[in-house]
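The letters A, B, C and D name the chains in turn, as written, and every chain counts its residues from 1.
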Amino acid sequence: MTVRVAVAGASGYAGGELLRLLASHPGVEVGAVTAHTSAGRPLGSVQPQLPQLADRILLDTSADSLRGHDVVFLALPHGQSAALAAELEPGTLIVDCGADFRLRDPAAWERFYGSSHAGTWPYGLPELPGARDELKGALRIAVPGCYPTAVTLALFPAYVAGLVEPEAVVVAASGTSGAGRSLAPRLLGSEVMGSMSPYGVGGGHRHTPELVQNLSLAAGEHVTVSFTPTLAPMPRGILATCSARLRPGIAATGRDDEARAAFGAAYADEPFVRLLPPGQWPSTAAVLGSNTVQVQIAVDPDARRLICVSAIDNLTKGTAGGAVQSMNIALGLPERLGLPTNGVAP
Amino acid sequence: MTVRVAVAGASGYAGGELLRLLASHPGVEVGAVTAHTSAGRPLGSVQPQLPQLADRILLDTSADSLRGHDVVFLALPHGQSAALAAELEPGTLIVDCGADFRLRDPAAWERFYGSSHAGTWPYGLPELPGARDELKGALRIAVPGCYPTAVTLALFPAYVAGLVEPEAVVVAASGTSGAGRSLAPRLLGSEVMGSMSPYGVGGGHRHTPELVQNLSLAAGEHVTVSFTPTLAPMPRGILATCSARLRPGIAATGRDDEARAAFGAAYADEPFVRLLPPGQWPSTAAVLGSNTVQVQIAVDPDARRLICVSAIDNLTKGTAGGAVQSMNIALGLPERLGLPTNGVAP
Amino acid sequence: MTVRVAVAGASGYAGGELLRLLASHPGVEVGAVTAHTSAGRPLGSVQPQLPQLADRILLDTSADSLRGHDVVFLALPHGQSAALAAELEPGTLIVDCGADFRLRDPAAWERFYGSSHAGTWPYGLPELPGARDELKGALRIAVPGCYPTAVTLALFPAYVAGLVEPEAVVVAASGTSGAGRSLAPRLLGSEVMGSMSPYGVGGGHRHTPELVQNLSLAAGEHVTVSFTPTLAPMPRGILATCSARLRPGIAATGRDDEARAAFGAAYADEPFVRLLPPGQWPSTAAVLGSNTVQVQIAVDPDARRLICVSAIDNLTKGTAGGAVQSMNIALGLPERLGLPTNGVAP
Amino acid sequence: MTVRVAVAGASGYAGGELLRLLASHPGVEVGAVTAHTSAGRPLGSVQPQLPQLADRILLDTSADSLRGHDVVFLALPHGQSAALAAELEPGTLIVDCGADFRLRDPAAWERFYGSSHAGTWPYGLPELPGARDELKGALRIAVPGCYPTAVTLALFPAYVAGLVEPEAVVVAASGTSGAGRSLAPRLLGSEVMGSMSPYGVGGGHRHTPELVQNLSLAAGEHVTVSFTPTLAPMPRGILATCSARLRPGIAATGRDDEARAAFGAAYADEPFVRLLPPGQWPSTAAVLGSNTVQVQIAVDPDARRLICVSAIDNLTKGTAGGAVQSMNIALGLPERLGLPTNGVAP
């Protein structure tokens, strides 16, 4: 069986990464590739890294272009997915890389996105408890944000195991592709290289409510997340440094036995999560281009905090790889199919 | 009056930065430059960025080479300063860029450095309350570590003003020069570029006790610091993202009036600290090569935390610039003399 | 049929890239992985980007470890392949990523490498005329150097077609992984980032005689090559900017019809060479992690020169990918098997 | 005497660098700073690296804003200088960082810039023979382009000494700030980092006629220049790798005595040119933020070419530093005044 897929938003970074993965996915045939301002141009002129598909002509992003596929991936600006999804055949699997259908709480959506809530779709983070059941056979999937992928996988086993208090502090560094291909002065190479800077400080980043949602579900109580994203001088990658105070009664001896057991159990059978051996720390370079998440933990006995660090490729596991992984599950394909676990390093 | 200065450890990154600043300092004449394995070579062969001093021959690092100067800067590996300092003339101003004399608590020294404590010298962070008085006329100065400089200046006004609880969480990104010129595989360009990774996680970094010391003094009570340093793909710069929970009774409305007032008061007359206007965030690029610290703050109303971010050049304000600033104060020279405030950007 | 392969030198950058490709190669089973100083350690501790093979223990690089495989890849320092190869079973396919067997002229070897010449093996650049015939069924393959791969593929069709004079000028920029994992100060991240610098200027680089050999064979006469390699602030990639004067009688009108026809013919059926459409130029980012070569040409009518530019990933097409491509041909496997053509960008 | 200067185009990269230098220039007082779309904003919001001038309000770029200064620096898009210059007081020293007045040949201007030629001003490259005489007392100065600065200083002594043939081949790598602050997709950090790519290949770059002009003047005959610029993953710096065939009769023994003598003589008294000792090669990092040019040469005995390499900071010696150096000469100030020779490295 070959699944015929379309990619809307094929001229952006998420769209390009989707096509990189899908073009070598053995169960998939790439159909329509669509774009907005680049419609009519060959894909090779906007995604020169994809010679396999270089001569494909970008169609206009519309329901007409996207109909007739088994799967449609949407890699569109936030707020554009709902209207387009409504026009597609009901039996099509729609995998939305945008934010529109991630949040359960309409009020959170409205506060952070300023528009009315479109709804909630099954959440494409298979590593969460129960997620695979929800994804199997699903026809609508909301792919998590890149930061929520990294942070949730760094922290949720600690909340499931009741190790830490419901106040998480997260500082994450992201490569510039996380901001997309938009022409903002702060994203110019001249500004970015050699520079680290924060943005959306104080809870303003739109991924904050998604973090709160995920960790609260894991904890079974409301978790606050102090989230500071920073822009790092690299094209790809997220390093999430997360911590929370150990609950009273949890040992803080400098060893991390309880935490390691909890994370070990959570990730024992996960094909894409690698809990590193003690002493080895995640690096974004090690996961470049792969769907792997590197996770490591440590207990700070003086500060009585558990520190959990994860590294992902924001475009692969953080977006396109996570999307393909969820598609595989939804369609009953082997979950690893078409997804590299080895990174391109150095 | 021209002050005659020597630099021990002139072949390293801190030594090179000291010489860059001292060579253009109008009150200074550069005397001996010394090194260990590079002794006998011209400075230009190891510090090609310093044509002004290219033909100087590196002497062996020894008391013989360093005697006869008004000021001696030590930029040596930790643990080597005390013995050398003991051999110099008592009237010489010795400015130690190493860690040996920074800590007040011998137990903290022994725990983190594993040797016996050499003593405590006046601490070269002039922006701390009372520090300038201690530095005026001093003959011994311990230059702060680069992380402690960034973190202390990001946080201490909040502790002085009693705004936050004594549990700080710090995640800082540093350029690779912070690790010195040592030939470690993890510092190779191939490993570093495109990569973010943490190290010394869980309280293990040697700058942790210095952070605790500084913030505890500001708070008037013991402050714990959960400190995670990360290595960023840039040669220079530290971005310190620091936060702590607001004390009960401190408003958390999303505005930051109280905190802004506290920081504004602390830094109103500081020549090298720039509290940025609201909405503008620090970046390491903006302070490259300068002695400036950029600071910005925000209140997260949901997490009830104050987030304080600072950016410095780890080699300038974080090491050599801070050293020269302290020297200026000690000698009664204008504090700004020879110290650039404008950065080299983009 | 599954081919059992071993990799000697698995702790280096070339070895890591070989394993990345081989681990996902559908016709291959990875056997022994060997190293020198890292022997005894798990592969995951030195190649953290390879979770698929993380628990493999590095054996000592010796004939004992390497015997019993169908294919042995050697990724060793220059000069170490011959002795080891002599100890392996005669029927083993040995693919040498080192320089030992690339040159035909013993005098050139001795001049540039300072030791006695070990011999000449079939040359693993399948795109050269006649190369595939020589590689089919071969039991010994010398993988080209990374620069020679990039430069030869940029220029050789112009020499085959008789378009240019036998004096090529080449300036190539390489990412730092081209220098291997050696701990040299000039390869530290602090030195490399933000910096471009040349090395081996004036014909001293060891790849020069290989360039001369390849282009002379294509031209049917001796070609001189002025070759200047430069170190660029990126982990991977080679951009080779090559040029030569047009022969008298070749039109130089600013159009490039003759040259484009020659390159078009040479590369029409090549699976890994992409002659870009007019107006689009190679970039190393576009080929990252792929076995693709991007090539573009232009005629400068004023200088009467043909400028030929190519981009490769030095570790993939420039080393490990080229090695696997040649192995595929030698073993009669489909040439593209296990080799990505799409790059990881941005 | 304090000279009152204005900077038009203060929101761009060249303007920012001019202000960095002028703000610490002991003979200068910074007056009006002007911009186009950023007019009305404080300088600190667009040039956060300049705390010394952060509160200055950007005026509109107009003759009204710029009148009443001793010196006006123009850092405007090409083609905008002539009209503005015509409106300023005749006695004002105007230093134009744009291209408008660099070329002597109106036909070359029209071919490369597509508009009518505005004229020719004294050329601000003091190191060229006779240039200082022309600059002394000048009221109009055309600052050279960044590539022409690097390439001319790498090559002209070879042409003055008659060592090489009149066909130069130049491949230069530039940091992204050379392209200015324009919002082009190819200048995004995500596209630039990890990537090298050429542009303007085949003689199309607008700096080509300026290179031809400079080298032809030095040679006393027409010199063709095959010029390929490449974009390098760094914010600043130009590394120019230049070569030309040795004239018949010039020895090519692998030593470089004749060439070294010629370059040594040309640069013996130059305050900003450093001919490196044999064996040491230029790097852009070593000149970051400084007005220094590093130059090195080698003879390739096989290719019979002289290879000349230079490194500059494109914004300092390549633009703003060269402009201030010329201003100093024009006004009779010490040539080095306010110009750093030591770079910010690592």
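Everything that follows uses one rule, which is that a contact is a pair of C-beta atoms (placed from the backbone, for glycine too) under 8 Å apart; a residue touches a chain by one contact, two chains touch by 3 or more.
Everything numeric here is computed off the predicted structure, so don't read it as measured data.
Asker: Common contacts of chain C and chain D?
Answerer: Common contact partners of chain C and chain D, which must touch each of the two, are A, B.
Asker: If you take the mean of the Cα atoms for each chain, which one ends up farthest from chain B?
Answerer: C
Asker: Express in whole angstrom the distance between the two chain centres, defined as the mean CA positions of chain A and chain D.
Answerer: So the centroids are 45 Å from each other.
Asker: Taking each chain's centre as its mean C-alpha position, how far apart are chain A and chain C in Å?
Answerer: Here the centre of chain C sits 35 Å away from the centre of chain A.
Asker: What are the residues of chain D that contact at least two other chains?
Answerer: 13, 175-177, 188, 190-191, 193-194, 233-236, 283, 285-286, 288, 346
Asker: Which of the residues in chain C end up touching chain A in this complex?
Answerer: These residues of chain C touch chain A: 13, 16, 19-20, 23-24, 42, 44-45, 47-54, 177, 193-194, 235-236, 274, 276-277, 280, 283, 285-290, 292, 294, 340-346.
Asker: In the complex of these two chains, what residues of chain C are touching chain B?
Answerer: The touching residues are 13, 175-177, 179, 181, 183-185, 187-194, 233-235.
Asker: Can you name the residues of chain A that touch chain B in the complex?
Answerer: 167, 169, 171, 173, 175, 188, 190-191, 193-199, 201-203, 208, 212, 224-226, 228, 230, 232-237, 239, 241, 243, 245, 254, 256, 281-286, 288, 296, 298-305, 307, 309, 311, 346
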